[in-house]
Every structure is written in C-alpha cells, then in structure tokens.
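If you scroll down you'll find the structure; I have some questions about it.
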Amino acid sequence: MIEIKDLSFGFKENQRVLDSINVSIDSGEFVAVVGGNGSGKSTFVRHLNGLLLPDEGMVKVWNMDTRTISNLTAIRKKIGMVFQNPLTQFVGATVEEDVAFGLENLACPSSLIRNKTDYSLAELGISHLAGKSPLQLSGGQMQLAALAGVLVMEPECVIFDEVTSMLDSFSKQQVLATITRLHEKGKTIIMVTHNLEEVHLAGRVIAFEKGRIVYDGKSSLFFDSPAVSNPGISIPPLTELALWLRENGLKGIDVSNPDMGRLEEYIWQLKSRI
Amino acid sequence: MPDYFLSFVPGDSFLHKLDPRTKLIATMLISILIFRLHITGLVLLFALFMALYYLSSVRIALLRNLRPVAPFLILIFIFQLFLVPGNSFMDLYGFSATSAGFFEGLRIVGRFVLLIQFASLLTATTSPAHMTAGIERLLRPLPGKVLGVTSFEIATMMSLSIHLVPVLNRFLKEVYQAQLCRGLGRQKKLSGLVSLAIPLLRGAFRMMDDIAMGMESRCYQGNYRTSLFELKMNKNDWLVLMLVFVLLLGFWNLNITLLPSYQI
Amino acid sequence: MHIKPGEIVGLTGPVGAGKSTVLRLLVGLLEPDKGTVKIDGCSSNAKRFREMVGVLFQHSSRQLFEKTVYDDIAFGPSNFGFDRRDIESQVQKAVDIVGLDESLLEVSPFGISGGEQKLVALAGIIAQFPRYMVLDEPFAGLDTRGKTRLFHIIQTLQNKGMGIIVISHHLDKLLEVAPRIIYLRDGIICFDGQRQQYLLDNSLPLPLITALMKRLHARGLPVYPDTFTVESAIKQLAKFRNRRCG
C-alpha cells in the first residue's frame, strides 16, 4: 500500500533529516513511529501524503507517486492526517464548519456534506460540539473534532502526528481508545509518538534516530532491541521493571505492555520461593 | 447582547432565515439610498430600520454599536455646524453656528448612524459562515483568471481571518503576559511594543504554516469547492429584494419633492 | 499555602483544578478576589512583586522574542535597569547554570530546537535572579537527556536559595524532583505535605510503580510502599533475588 524506496530528505543543503529510508506498510497495519526530538519521525510521515516531497528516492501510495502533482488529491483522500497542535489545524469558525472543510474541497453537494458531517461527529460521540468554536473546547475534544474532519473524507489510512502530546491523561486515553477502535474497523493507522507506553497498541514499531530507521519490527520485541538504548528513547517505568524481572528469570512476560496484576503475582512467587 | 461590535447573534427570525445574498444586496441598495436621501428620507428609513429590528428579534445594543465611532460623528457635526455658511443663530469665539450647518450636520451624522445600524443588523442576523458563502456566490461571476484570485479563495481567506482573530488574540495575550513577567514596562516602553510585534508576527507565520499544512492534507486546492451551507433563494427572498428595489426607486428623489428648503 | 526560599514544591492536580490560576496569581497576572498573595512580605499590587518571581510558561517558545538568544536572555535584566556590565555578567551566569552552548548566543531563538528554546527561556528567567521560580509543565516535550539536564538545573537553583514551584501532571517526574507536593482539585488544596506522606495517601493518584509496590506491601512483602522510582524498586526487589541465590 505504501512503498518507500531510498527516501532521503533535508530542509537545508548538506543536512539530512532523513537518510535512505526503505519501508513498506501494508493495508490494515497499525504502526507506531517512535524516536527522540529531531529524529526525523515527523518529517517521515509528512512524506506519506505528499506534504513533503523526497529529495531522493520515491514514495508510492497505492502505486501513485507523490512527486506527480496530479496524484496528490487522490493520495490525500486516502491518507488523512491529524496533527499535534489542535488549535492550528482548525480552519472553520465552528466544529461542523471545520469538519465539512475537506468535503467542501472535494466539491461534494451540500446535502451530502451535511449528512456525512453529522455522521462523522456522531461516530466520535461529539455531536453536541457541532456549533461550538474550537476555542471553547478542551484539548481532547479538539483532537476528536480534528479527527472527525479527517474521517469525514473516509480515508483508508490515518496518520496521527503526536496527537496526545499536549493532552492530559484522561483525554489521552479517550483519543487512544478512539484510534484503537478505528484500527479494529479496518483502517490503517500510523501513529507518531514519543510516549513508549503507547506502542503496545500497535502491532509494529518503526524507530528513528538521526534520520535513520534503527528498529522496524513487532512491537512486542521492540524493548529487546538495541534501539531502546538510544538517548532519545525513554523506557516507561513498568517496562523497565519488567525488563529487569525478565533478566532475572521471569519468562513469558509482555514487556511492551506489562500488566500490573501479573507483575505483582510474579514478584509474589519470587518471594515465596525463598 | 453581542460581545463585540458587529457580531453575530444566533436566532430563528424572519431575517435570520433570509438568504445571505438577499441580505447583502438589500443592505447595499439601502446604503446607496442612504447617501441619496436628506433628513426626512433618513427619518423614514430609520422607521424602516426599527421595524426590521423588531422583526429580527435580536436585541443588539443600538447605542453601543455607535460608541467606537461616536467621537468622529460629534466632530463631523461640529464642523458642519460652524463651517457651513448661512443664517447664524449663535456665536462662539467668532465662529457662527448656522441653521443650514445644523441640518447639514444632522444629515451627515444621520447617514453614518443609519449605515452602521443597517450593517449591524446584517451581521447580527447572518452567521460568518453564511456571510462568506453569500459573498462567494455573489463574487463568482467575476473573472477569477483575470484577477488572479478566485471567489473561492476570497471566501476561504475571509472565513480563515474570522476564525483566526480570536486565536491570534489569545496568542498575543500569552506573549504579553510572558513579557510582563520579565519586567516589561519597567524601563523602556517602546522596545516592549516592538518586541511584542516580532513574536506575534513570527507566531502568526508559524501558525499559518501549520494551518496551510492541515488544509493541504485535507485536499485544499483553492479552486471550485462547495459549502456545508446550501444557499437557496425562496419566495421570501425574492419578495424582500423586490420591496427594496421599489423602495430605492420610490425614494430616489424624495427630498426634492418633499422638503426642498433644506437643500443648500 | 506558604512557600519558603530554597524549597522545591510540586504542584499537581487534574485539568481544570486551578493550577494555572495559581500560577497567574503567583506572578501577579491575576489579582485575588479575596485574601492575599504575599512574597517576602510584599503584596501582589506592589511594583517589586513581579521582579521576585520568574516564570517558565508551558509553551516556552512564546516566551522568546528578541533577535538573538543573547538579547533574549538579557531582556529581563535590562528591563529591571541594570547597567551593561551587570547585564553581561548576569547573562553569563545564567548561561552557565543552564549549560547552554555558547555558540548559540548569536543565533535567533526561533531557529533552534524545542529543547534548546526551553533552556533559553529558562536562562532568561534565571538572568533576572528572582527569589522564586514557577515552572509550568517543564517536562513536556523533553526527552530523557533533556529531563536529566532540567533536574540538574533545578537542583543548582535550589542550592542558590531559590524557591521553586514545579507545576506538572507528570507525577513520577514531579515526585522525583520535589520533596513537597501540593495536590489541587476543583480549586481546593486536597493535599499539602511531604512526598512520603503523599505516596502513603490512598485517595490521591499515584505513579504506577508506587501502586505496584503498595500492592506488594499490602500482601506482606517487605518493600517500602512509598517507592516511586524504578531504580529504588529494583534495588528492593534485588534483595530477594540475592537472598534466594545465597
């Protein structure tokens, strides 16, 4: 579905933000893209829907090359994107106007826009926000509204670019639950995050460091890879504990998503064996 | 009551339900008429305004709308009162107030007051989204290729600016507070103003970059696009437009026939 | 609530609890409806009030406004009317404390990375040498390196006798840096005390590690229920392993 060959990119000359990236992503996958500040992960996903175009190499989405300008609208219809800062992705004065924006661009008739907008808002459980100004919303509500504006175009793949980084823990859970639900419904999900507690939601992890891919594989094996020793990556506390326990003889624990009850049981057994 | 000058008041009245194009054209025609008329005509138009005002069921603060322009209106009135030649009825420091000046001042001030009130009635009963949709449709016949900008782009620019003013306002407040905390206004006043403008511009540009990216990824191309709000002229719209035309033609020469004495 | 110089206080609570209102009261951007905010005996309407508190806002990039990093750090002290040489030495001291790369001083503060911007903003406040400092969500957007550096800076400032208030909802990081915790909910102080007491209070939100250690403690395992760092948890658990081996 998404084919990337030898992609290199730099904002300035002699500086490579991305260096010979080779990746392919299949339909229906849930990929977490991780890495420290400035590792190139955001630059990478912006190539996927043609917001940035490769200096070298190529990006193909459903066999459409992003460098062919006439393909861009079709590509962006298939790949939607939600950004980090909820406030600067709004273009409408109210939520429903904003949600309608994409369909207006595709020149849908008014009645169809109205139906789809209402449906999209209802699906995310935010119909009551339709007439509100984005300034009246909480961070979590804003991200859901922004997502509604992407889903209304019925994309096959949604990219989330650090969407939870400005949210409190409650909204974070709400947004993550929505993302998981979308994946279950068959959408391809690409989620950029620096919070490694979120990677277990994805089946696959791609880790960036200095513009190169340092890990690309199953999320359950990510914490076993040398990539986690990179300075930009911070291991969640429970994972760190689980890793230590495993080093000391615990078998079969899921280090990418350690369950507190299971950790407790294991430590208890460890104790009673003394 | 609206928070700002010329802001929208949600409602369900006859005026709210009119097509924005009808309201825009009607307001334009009435404005033309206002500049044709003299005092009697203006009084009649004011009566029309009051009727529409009650019909709209929005309670806009009529006097408060005038507050921002009040000093200018007073100044204009005083200028007219003293500078128009005619029969003097009062002398002040060698300047004489004339009755002709009095009526002339009243006429000019009356025009401005009426213009503002009709405009505020338009904005109070038309949401910004409908307004931009209406303007877009009215501008569509313009040759976009020749002008270098299409009606769709103009409409998008308008709705973006409507949306962005409060966002920028919030941003400005944040920057200002940060500067206050670092001793702004304790020593050098002017440099403070300059250093407020620079981050605001920077912030605005960066915000624009982000917004442009969001728009692009939602397939924005600047060419033909539709709107969530369907515009439809119904019977009432045509009726209102017809009435306004009749009004325009009927009142066109009103002052000359009714009250020629005020002509100077 | 009282905050002493040389103290590090962590302020936390759910969204809308009033954390940012407290911040604005502390720096004199808001006036209290009732009651008073006093700093070293100075009430909030006094002119000196704002001089005494420095604040690092959450979006620290919006705190930067000058053409070069140096000018930006010097903005505060020059507003407070120091002469040129004093300003220079104060900027230098601030740069040393945050450990900013000297080569950055001549570039624009808008062209550097987010983590560096945070450090510049912090240096700008330190250059004013306020008595107290409020840091609003300083951990947001920092990776592990940045966090370690920030902890180090906070310690340095405390040693200089500065009172520091850290506002954050990253509980584990807050507990690591602040010995005293204040928990706000719906505009009311629910807890104000030492971090050990905070960790023992079951009605308050806890870091995951603490929750785990508490469960183990409740089952009779000899671990400290007020553990909050992974290192300390591992150290305690390592004892069992050693005992088993030996």
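So that you can tell them apart, the chains are marked A, B and C in the order they are listed, and the count of residues begins at 1 in each.
Following the convention adopted for this analysis, contacts are C-beta pairs under 8 Å (C-beta built on N, C-alpha and C of every residue); 3 or more make two chains touch, one makes a residue touch a chain.
These figures come from a predicted structure and were not determined experimentally.
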Exercise for the section: Examine which chains touch each other and state the graph shape they make (line, ring, star, complete, other). Expected result: complete
Problem - Distance-to-centre winner among chains (Cα means, whole assembly as reference) - result: A
Practice task
Tally the contacting C-beta pairs at the B-C interface and at the A-C interface, and name the larger one.
Solution key: A-C
Exercise for the section: Measure off the straight-line distance from the CA centroid of chain A to the CA centroid of chain B, and report it in whole Å. Expected result: 44
Problem - Computed distance of Cα centres, chain C from chain B, in Å - result: 48
Practice task
Please report how many Å separate the Cα centroid of chain A from that of chain C, as a whole number.
Solution key: 30
Exercise for the section: Write out the stretch or stretches of chain A touching chain C in their complex. Expected result: 36-38, 138, 165-166, 168-171, 194, 231-234, 237-238, 240-241, 244-245, 248, 260, 263-264, 267-268, 270-271, 273-274
Completion exercise
The answer for chain A against chain B in the complex is residues 46, 49, 51, 73, 76-77, 80-81, 83, 85, 87-94, 96-97, 100-111, 113-114, 117, 133-135, 149-150, 153
Problem - Footprint of chain B on chain C - complex, ascending - result: 24, 27-29, 47, 50-51, 53-55, 57, 59, 62-67, 75-76, 78-81, 110, 124-125, 128
Problem - Residues on chain B engaged by chain C in the complex (per definition of touch) - result: 171, 174-175, 177-188, 195-196, 198-199, 202-203
Fill in the blank from the handout: In the complex, the residues of chain C that touch chain A are 14-15, 113-115, 140-147, 169, 172, 207-209, 211-212, 215-216, 219, 221, 229-230, 233-234, 237, 240-241, 243-244
